[in-house]
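Two complexes come next, and they have one chain in common, subunit A, joined by subunit B in the first and subunit C in the second.
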Partner chain A sequence: MISLAGRDILHAWGKFIFTGIGLGLLIGVTLTMAGVYRGMVDDGKVLLDNSGANLWVVQRDTLGPYAESSSIPDDLWRSIRTLPGVAEAANVTYLTMQVGRGEKDVRAMVVGIAAGEPGTSGWPPQLVAGRQITRGHYEAVADIATGFRLGDDVKIRRNHYTVVGLTRRMVSSSGDPMVFIPLKDAQEAQFLKDNDAILMQRRRTGANPAFNRPGVPGLLDAVIASQTSNNSVNAVLVRIQSEYSPQEVAEPIRRWKRLTVYDRAQMEEILVGKLIATSAKQIAMFLVILAVVSAAIVAFIIYTLTMDKIREIAVLKLIGTRNRTISGMILQQALVLGVIGFVVGKITATFAAPLFPKYVLLMPIDSILGFFAVMVICVLASVVAIRMALKVDPAEAIGG
Partner chain B sequence: MTAKGIHIEGLSKRYGEGDTAVLALKNVNMQVAPGEVVGLIGPSGSGKSTLLKCLGAVIDPTAGRMVLGNEVIFDDEWKVRDLRALRRDKIGFVFQAPYLIPFLDVTDNVALLPMLAGVGNDDARKRALELLTALDVQHRAKAMPSQLSGGEQQRVAIARGLVNRPPVILADEPTAPLDSVRAMSVIRILNDMARRFETAVIVVTHDEKIIPTFKRIYHIRDGVTHEEAGEGRSFE
Partner chain C sequence: MKFPPLQRRTLALVVIIIPLLLLFIYVALRSGPLAPIAATVSTVESRSVAPALAGIGTVQARFTYKIGPTVAGRVKRLDVHVGDIVKAGQVLGEMDAVDLDDRVSAQQAAIKSSEAALRQAAAKETFAQTQATRYEQLLSVRGTSEETVVTKRQELAVASAALVASREDIVRLRAELEALRAQRGNLRLVAPVAGLVAARDADPGTTVVAGQAVIEVIDTAGLWVDTRFDQISAEGLAIGLPAKIVLRSRRSQAVAGHVLRIEPRADAVTEETLAKIVFNAPPVPLPPLGELAEVTVQLGELPAAPTISNAAIRTVDGKRGVWKLVEGGLTFTPVVLGRSSLDGLVQVLEGLSVGDQIVLYSEKTLSAKSRINIVDRLPGVSP
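And now, the complex of A and B:
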């Protein structure tokens, strides 16, 4: 038996191809949306991977340092370092802000990294160009996505930094590329006020007789110095010794230091389950809407194609074609349309993904699930047309 | 296949029930022998199409008896279970418009019926080509319907009606869209094929050009048929 669906498709291939392309673009958007979600999750995991930490020590009862603000003293790392099982402890600050790039600015997460050597927690694990930060001030390593090049000038608050190294795939959980600067500079940047505000505060402090005592020389300077310096960091990144489990090391820190400690799984849960949960729901809603729109379009197209063949279907039924042959023809056409649409959609998504400003991760499993979803949608969408075709009276071919 | 033509006795068809009932066919009697071509003529609304649909097993007659070949197919109720198979294997249809399947080439338009009946593709195509040759359209065997002239399309439609060697062919206004030369050609082909394959052919027509060619004519008016001798003129 010849394939009626195949012959019809070959006969009207232009209609099928162009319809398939239209559907494919829609499927491409759907796959890309799934890729955006995967990219967000991956950004979060990469952020954790690149930090090089096993534990994140943050302000008590906060979800810091990525999901909430967290502030802990910058000398706390020393006592944490002495606890059993701790191989390394390093301060870190995170601040998402606009950094100056020439006349323009770019959104970036400024990461303050503690002095140390390559491989220290918080440092960029690998560079694609240049070198790591070696000076205590005014050097930066930037993610390549910021658009900075080696030797470029980065303006953060009032200070200027020179880009000495470039890294890749170092992004925040919201996809902003990172700029690494020395910890002291980052601490200052977090709390640095503008010149007028500093001047006003100094004047106000100087006018306060409690601080400006003629009998206590140096008190005013000490108070002013304390007001303009920042001794806090957002978190301490802890790397544990291999023979210890994260829980074994975390428990004493929680108990003795009255801090909150997250291990990798908990931090991943915060990033994926809380930080991007709303975005994920938003994307899920888009996926549902796109799936419904795709189904409606396929149903409409198959319905229209079937309507165009009412007379032929009546003739086919009159000359003895079984209902299942006619149903099979319509179903096969819907599935072929879905396959064409999926192939076009997959190609579109693959080529479009790198053009997106945020990371779009197209996972094979999403493509496989997407393919089966498209097939299911096509089957469901063909039901209306099949029902209509089965209702066609063979007597219509005779007329009268 | 044993060809015995078609025999109809007391066939009636009623639409609706009670006060709104309409008796479209009233005690229709017909007999068409194998190899014979008869005309069925009547004004619009006389019951021609209803009779054709009853004979074509697409609507249910209300009462009567129909014998197709050797087989009683209706005796106040259908005596065959699978009307679809009955239409496919025992009844050939030729329509006013050819209604060829636009996405199948000429050969497959004809071969489709035997394929539907379970004949292998190669055998079905061979059978189709034999008929296309008999109808002198074998040179268009690979053409699509849209590439054929009206006369060629109608010949292909006749080939499709004949391909399963049915005992009866129902032709519904087969010459309506054709000029007189092509109309005569179609009638000649139907007569030739009827004789060659011992098929009974019933031609429903309004076409004044071809009515004189029938040797027997059934007139139908208000659902009642009566038979008369035709002129049986030459087709030339």
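And now, the complex of A and C:
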């Protein structure tokens, strides 16, 4: 038996392929949009993964350190370290700011990492080039997305840092690349104003008679010194011993240290459920619209393809072809169109993904779901065309 | 031939469909979570590392002399300005004497008056002596009464006592004059040592409290860098170790120095060890006090041991280790790390032996099941 669908496709193969490719581009955009959403969620997850922590200890009643600002004293980690079940506690600071290199600057999340050796919580878990920080000051490990190279001299506030290592996919929840610098520098960077602001503050303090007393020499200096030092960090990253559960360790910190503690699941909830919730919904909305538009376009294409050959269908009916054969032809064509579209779409999406400024994550499960969605849409779209085809009057073949 | 048009069409279709399918298969396997992770591999080498400690500090003067009055007063004049080189004993300025000079004059007059009084007492004593001697002689020839002689003797004793009192009074007044002069001298601000005027905190006419510094002189021969080392990386810091000092204003040149002293008290708040690093020879020109300096203290070279780059270290389940390549697969090997150098080399005490292949850089976090694709350089990293 000859395949009616195959013969028909071969008859107008150019048109068919180009329609398939056009449809593919549309599916590609839809897949990419799904990838953008997955990428946003993944940004949040890698942020948590890369910190290497099981618990985040932050200022009481804040959603810090990523979703809200949080500030806790930098010697607090010692008392947390002594609690049962705590394997490691490390200070960390996060600050999104412009990092300058030469004339240009890059938006980056500056992470202050506690002194120690590689593998300490907060440190970059792996590098793609260079080495980890060894000096306690003025060295930086930057994400490759910043465009920095090894040996570059970057400027954060008024200090210059040498880039000694590069990372990949170390980003903040909003996708800004990270720059890791030693904690003490980061504390300073977080607090340090520009020189003009410091001078003005000094002048203001000097003009305040309460601080500038002739009878108490040295008071003004002490006040200014205390104004320009910073002993705060944003969070303490806690790694727990494997025999303890996160809740067991978190509870005493909440109760006795009177701080807020988040475990991994809660942190994910904050990042995914709160921080990127609106933008994720925005993307999801877009995704839904694109899917609907794609479905409509597939339906129109199949409908018009069928309408184009309504005469031939009438002839087929006239020579006594069964309805099943005609429906089968239209359905098969729709499915083949869908498969070509999906293949082209998947390829386009994969090659387009790295071009996006923010991370686009194409999950295999999304592709599989996408494939079935395309198939279902094609089947539904062909139903309309089939109805049209079956209703056609065989007389039309002769009339006209 | 019956089918040429159809065959050509089929051929064209195949030409389009087959590459599309191949591309699709490639895309499905080579991207996303199924793709192998690009990684670079390095070999554990036996080499010696020279650990060094890095710290930052500020240039400070070892000896700072704050010169000011010992009593409250007003600054009368200052002869030096900031930056002047002064000699030991040089007068730098003077406090206002107010009434001190007048009191010195009064004292001098008082001494003169007292000297006159002394002469008067001396004359009285001489006269009393003469009278006493004369009446003694008269008594011996019974020419006068005993009572008169006793009176004369008493007058002599009184005159002698008055003379002693007058003499001592002069001593007192002279001592008082000396005291006034000493006070007067104390109003001069004198450099205790040779050095450089670093600050002039009050100008003439300013009233200062007792003990407040008016002029600050520093000893230029004794500049040091007050350096802070993070306690976690201060192992091996010892007196006498050579150090390299890089001043913020002279980033390209390193000045040689050595560790003079490690402070017995560390900074408990910032978790830093404090040490004083002195210059081997004072830098020329002299750096300003308070300038930031980066200090690198070089420790001795350690014997050769298996050494890896610190970029190879990973943490898996709270354990520190490296991914070792064993028969094409990955095995996580916990390691015990020894000393490290500032250029990122770290010695491995346990867990690895020379010649082991380990993963140095990787695109993503690895796991034991990861497939890796060994490359020379990770994509995106420029040479």
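Just so we're on the same page, the second predicted complex is superposed on the first by the 397 of 400 C-alpha atoms of A that agree within 3 Å, B and C clash if a C-alpha of one lies under 4 Å from a C-alpha of the other, contacts with A are read in each partner's own complex, and residues count from 1 in each chain.
Assume a contact is a pair of C-beta atoms (placed from the backbone, for glycine too) under 8 Å apart; a residue touches a chain by one contact, two chains touch by 3 or more.
Bear in mind that the values here come from a model prediction, so they are computed numbers and not experimental data.
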Quick one: is A:231 in contact with subunit B, with subunit C, with both, or with neither? Answer first, second, both or neither. second
I'd like to know which partner A:22 touches here: subunit B for first, subunit C for second, both or neither. neither
Counting residues of subunit A touched by each of subunit B and subunit C, the higher count belongs to C
Where does A:165 make contact in the superposed view: on subunit B (first), on subunit C (second), on both, or on neither? second
So, does A:398 touch the first partner subunit B, the second partner subunit C, both, or neither? first
Partner chain(s) touched by A:252 [first = subunit B, second = subunit C, both, neither]: neither
Considering only the touch criterion stated at the top, classify A:318 as touching first (subunit B), second (subunit C), both, or neither. first
Once the shared chain is lined up, is A:328 touching subunit B (first), subunit C (second), both, or neither of them? neither
Touched partner set for A:10, first subunit B, second subunit C, both or neither: both
Show which residues of subunit A both subunit B and subunit C reach, each in its own complex. 10
Which subunit A residues qualify as touching subunit B in the complex? 1-2, 4, 7-8, 10-12, 311-312, 315-322, 325, 393-395, 397-400
Interface residues, subunit A side, partner subunit C - complex: 10, 13, 17, 49, 52, 75, 87-88, 115-119, 125-132, 134-138, 144, 149, 164-166, 168-169, 184, 214-215, 217, 231, 239, 241-242, 340, 343-344, 346-347, 350-351, 353, 361-364, 367
Contacts from subunit B onto subunit A in the complex sit at residues 48-50, 52-53, 56, 58-59, 84-85, 87-89, 93, 95-96, 99, 101-104, 108, 112-113, 115-117, 121, 144, 160, 172
Would you pull the subunit C residues touching subunit A in the complex into a rising list? 6, 9-10, 12-13, 16, 20-21, 23-24, 27-28, 31-34, 54-56, 209, 212-213, 229-230, 232-233, 269-271, 294, 309-311, 313-315, 317-318, 320, 337, 340-344, 346, 361-366, 377-378, 380-382
